[in-house]
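Let me begin by handing over the structure; questions about it come next.
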Amino acid sequence: MSTSITGRSVIDELPDPEGRPPLTGDRASTGRWGDRLFGGAATSSGVLVIALVSLVGLFLVIQAVPSLLNNNVNFLTSTEWVPSGAQPRFGIAALLWATVITSVIAMAVAVPLGVAVALFITQYAPPWLSKPAAAIIDLLAAVPSIVYGFWGLNVAGQYFEPVQNFLNTYLGWIPLFKDVGTSAKSTLAFAGLILAIMILPIITAISREVFAQVPTAHKEGALALGATKWEMIRTAVLPFGKPGVISGAMLGLGRALGETLAIMILLSALNPNAAWSWSIFTGGETFASKIALNAGEFDSPQKTGAYIAAGLVLFILTFVVNAIARIVIERRKAFTE
Amino acid sequence: MAKRIDVHDLDIFYGDFKAVEGVSMTVEPRSVTAFIGPSGCGKSTVLRTLNRMHEVIPGGRVSGKVLLDDQDLYAPSMDPVAVRRTVGMVFQRPNPFPTMSIKDNVAAGLRLNGVKDKKKVDEVVESSLKGANLWNEVKDRLDKPGAGLSGGQQQRLCIARAIAVSPQVLLMDEPCSALDPISTLAIEDLINELKARYTIVIVTHNMQQAARVSDQTAFFNLKATGQPGRLVEVGATQKIFSNPDEQATEDYISGRFG
Amino acid sequence: MSTLTQAAVEPSTTPPVHTDLTGMSGRRAFTDRAARVVMWGAFLLACIPLVWILVSTLVKGGHMLLSGSWWSLSQNGITSRVVGGGAAHAIQGTLMQAAVTAIMSVPIGVLTAIYLVEYGRGRLAKVVSFMVDILTGVPSIVAALFIYALWVTTFGFQRVPFAVTLALTLLMIPTIVRSTEEMLKLVPNELREASYALGVPKWRTIVSIVLPTAFSGIVTGVLLGLARVMGETAPLIILGPYTKSMAHDLFNGLMATLPTMINQDRTEALQPALDRVWGAALTLILLVFVLNLLGRFLGRFSKVKN
């Protein structure tokens, strides 16, 4: 049983170890009505999935375009957000920055940590601990996003204050770490950290799946050369698992980019007139948090369209990231065949 | 600098299960010793205790002594990593590291040992590949993946990888079982050459192979079904194959069972 | 250093000649030990947030769940200054929406998986598989926006609980497809062939041999998918505003859920409201965990193993 919390399995992508052809589409189907009906229903479901994804893109585009045409500033480069009125002015630059920087922080923390935890589970943990350890990390994914946000703001956030003060004091001369007077629990940095906890399970799950698949022959080959355990991991496990780690990281990135509630609760929205800052110790809004925060204001098509346009950019962003993850796995498949 | 191996009263366990019982034997330096016996009799298990690879398997442990020129491999002060560097191993299926080039495969052991000097690495790669009779076939494509070679070439690559760290002993676990007859012959020739420099222990299912390559043969068998494996008889290959002391050995060699 | 390594330092007289391969040994042993410490440390570090969250919610919300009214009453007529009322309306809404989501997404998901494993060939199967991956990655807020664009803007309907379940269905389909697909692939091909050899048509083979064999695995996948979808809040914020009273109609009016209850009360600075937030959070975590554990437990009875 390895129903992963990720909803997908790298094992699926691998060729059958015994070199048997995949099961898909044997020619056992007959012309009977039962077969035609059942096969038809199955195929229709497949087509429905294609239709759904296409419709998501299509509907978002259709409803975003009129608003975009009315826009009076460059949608991609402006940091303003005044989507209503006769002269709407809205751009995504600020949203894009906040979305990307929180995700980057999350990745910087979660990828090394997730790989280390996956190595722990597959290589270091004593046998009795290995499965419970994997289950514990999986449970992190079961905590709802909104709970992470509320807990971060009300419980964990205060403990981040010293970290922020330290960085402000000693690295404040770097624009990224400049102190702009935002409370630590409401900054991009802390939101990124909470995101890291949230995407840790997915990165760990996929990494441990590929690490567990490293052939014993390769591991023993390294050990027989007189490699220490860590050297064996570097020689045999990590190179073999690299594509899996990359695609796991990409899927984690996809999650982080689209994460809504935790970010919405944590980040303090900036004053529209506030000066632009590159600091990660300031507030802001991501695509998702902006849309969710203003869900009550979808009163005119113009305004709704502006938010849908932002959602469309987020959709494209996650689409690209997920497609990259997929391609990496496909290439690995070609490599191992 | 080949070394002598002395095994004394070796019991081998998987967890609580005793897999092999009471093995005692001596392997002379610069000789080839073949382990033969029916499947599941523990000959590969014994082989893997000679470089402490057995304990890599969860629950794997031994009691008794394995001496390498009078040093007990299982003494508490021994570092299994150092043991494995001194006692090299070649596996049943060729297992070159798939992500590495031919050259990097051979150099893998050196790099682990912190040899960074490029010239030296190149030298050792060349001498090891020559030692494994592979140099002429791969010298123009050292940067290509090792997995692209044929099975026999891959196995010789693995032998080159093993001898690159200049071990004292070379263990081979059915090195030809996944290979075609021509590649097998090439490996057997190689074993004959390597014998001049290393102590070699080879596990094989192929009786002719044992007769062809080895100076000494050890026959392993199960005491009874469900019982631990044991060493039935060890002696000069010539003798084992013509006039063994034990009836069981003769039965096995003449094909009456096993 | 063992004497063995000392001995190995002696330059060997026979080619290939390598000397002094042991100089780094002290550092190597240290690196190896350091790596072990780092891996253990990483795991323990990763456990901290989980334990911390669980302890926080238990300490701050545990007492709410102990009162009987929490499970039987709604918040009807109760303001944020007042202690009392329960979360029955939100629990009921969350369960009801989850059930409807499952009813809609399970047939589509399972059939799509059957298509991919048993029927799919060539380009169409590749595209379907790719789209399932894309759907896996669609952020919940985007799914919610899509349903909003469809349901409210295009059709002109109100925001009703059913619209929420549509968005959740969109999020749940890929999870079910992937887990079902995995289970179907584990059913040995020999079983199918044995059935064909008896003259059983393909669709009967799938329905009466393949699906029953994979059944408990599929149920596990559905439960894990549900657990994930239950905690989703973004679609609820866009499509399913909170209400304090009980509701049963999926197509009219508002329906409370645990996530929206948290979202409603979290902005209040008053203790009774905050207690309710922690209580609702704990209830939600418990629901999700129970589904998770149930799924994993059922998975143990799976007839196919990998």
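Order as written gives the chain letters A, B and C; numbering starts at 1 within each chain.
We adopt the following convention: a residue touches a chain if its C-beta (ideal position, glycine included) is under 8 Å from a C-beta of that chain, and two chains touch if they have at least 3 such contacts.
The structure presented is a predicted model; accordingly, all values stated were derived computationally and were not measured.
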Note to self: Between A-B and A-C, which chain pair is linked by the larger number of C-beta contacts?
What the structure shows: A-C
Notebook entry, point to check: Of all chains present, which has the mean Cα position farthest from that of subunit A?
Noted result: B
Item checked: Centroid spacing, where centroids are CA-atom means, of subunit A and subunit B in whole angstrom -> 47
Margin query: I'd like to verify one number: the distance from the centre of subunit A to the centre of subunit C, where each centre is the average of its C-alpha atoms, in whole angstrom.
Written below: 14
Notebook entry, point to check: At which residue positions does subunit C touch at least two other chains?
Noted result: 28-29
Note to self: Multi-chain contacts only, two chains or more: what residues does subunit A have there?
What the structure shows: 228, 231
Notebook entry, point to check: Which residue numbers or ranges of subunit B touch two or more of the other chains?
Noted result: 81-83, 85-86, 112-113, 165
Checklist line | Of all residues in subunit A, those that touch subunit C in their complex | finding: 1-3, 5-9, 11-12, 20, 23-26, 28-30, 32, 34-35, 37-39, 41-50, 52-53, 55-56, 59-60, 62-63, 113, 116-117, 119-121, 123-125, 133, 135-148, 150-151, 155-156, 197, 200, 204, 228-231, 233, 251, 254-255, 257-261, 265, 287-288, 291-292, 295, 298, 301, 304, 307-308, 311, 314-315, 318-319, 321-323, 325-326
Item checked: subunit A contact footprint on subunit B (complex, rising order) -> 51, 53, 56, 58, 81-86, 88-89, 91, 93, 95-100, 108-109, 112-113, 158, 161-162, 165
Checklist line | Interface residues, subunit C side, partner subunit A - complex | finding: 28-29, 31-32, 35-36, 38-40, 42-43, 45-47, 49-50, 52-53, 56-57, 107-109, 111-112, 114-122, 124-125, 127-128, 130-143, 145-146, 148-150, 152-154, 170, 173-175, 177-179, 181-185, 189, 192, 196, 201-207, 217, 220-221, 224-225, 227-228, 230-234, 237-238, 259, 262-263, 266, 277, 281, 284-285, 288-289, 292, 295-296, 299-300, 302, 305-306
Next item on the list: Sort out for me which residues of subunit A touch subunit B in the complex.
Entry: 127, 215, 217-228, 231, 235-236, 239-240, 242, 335-336
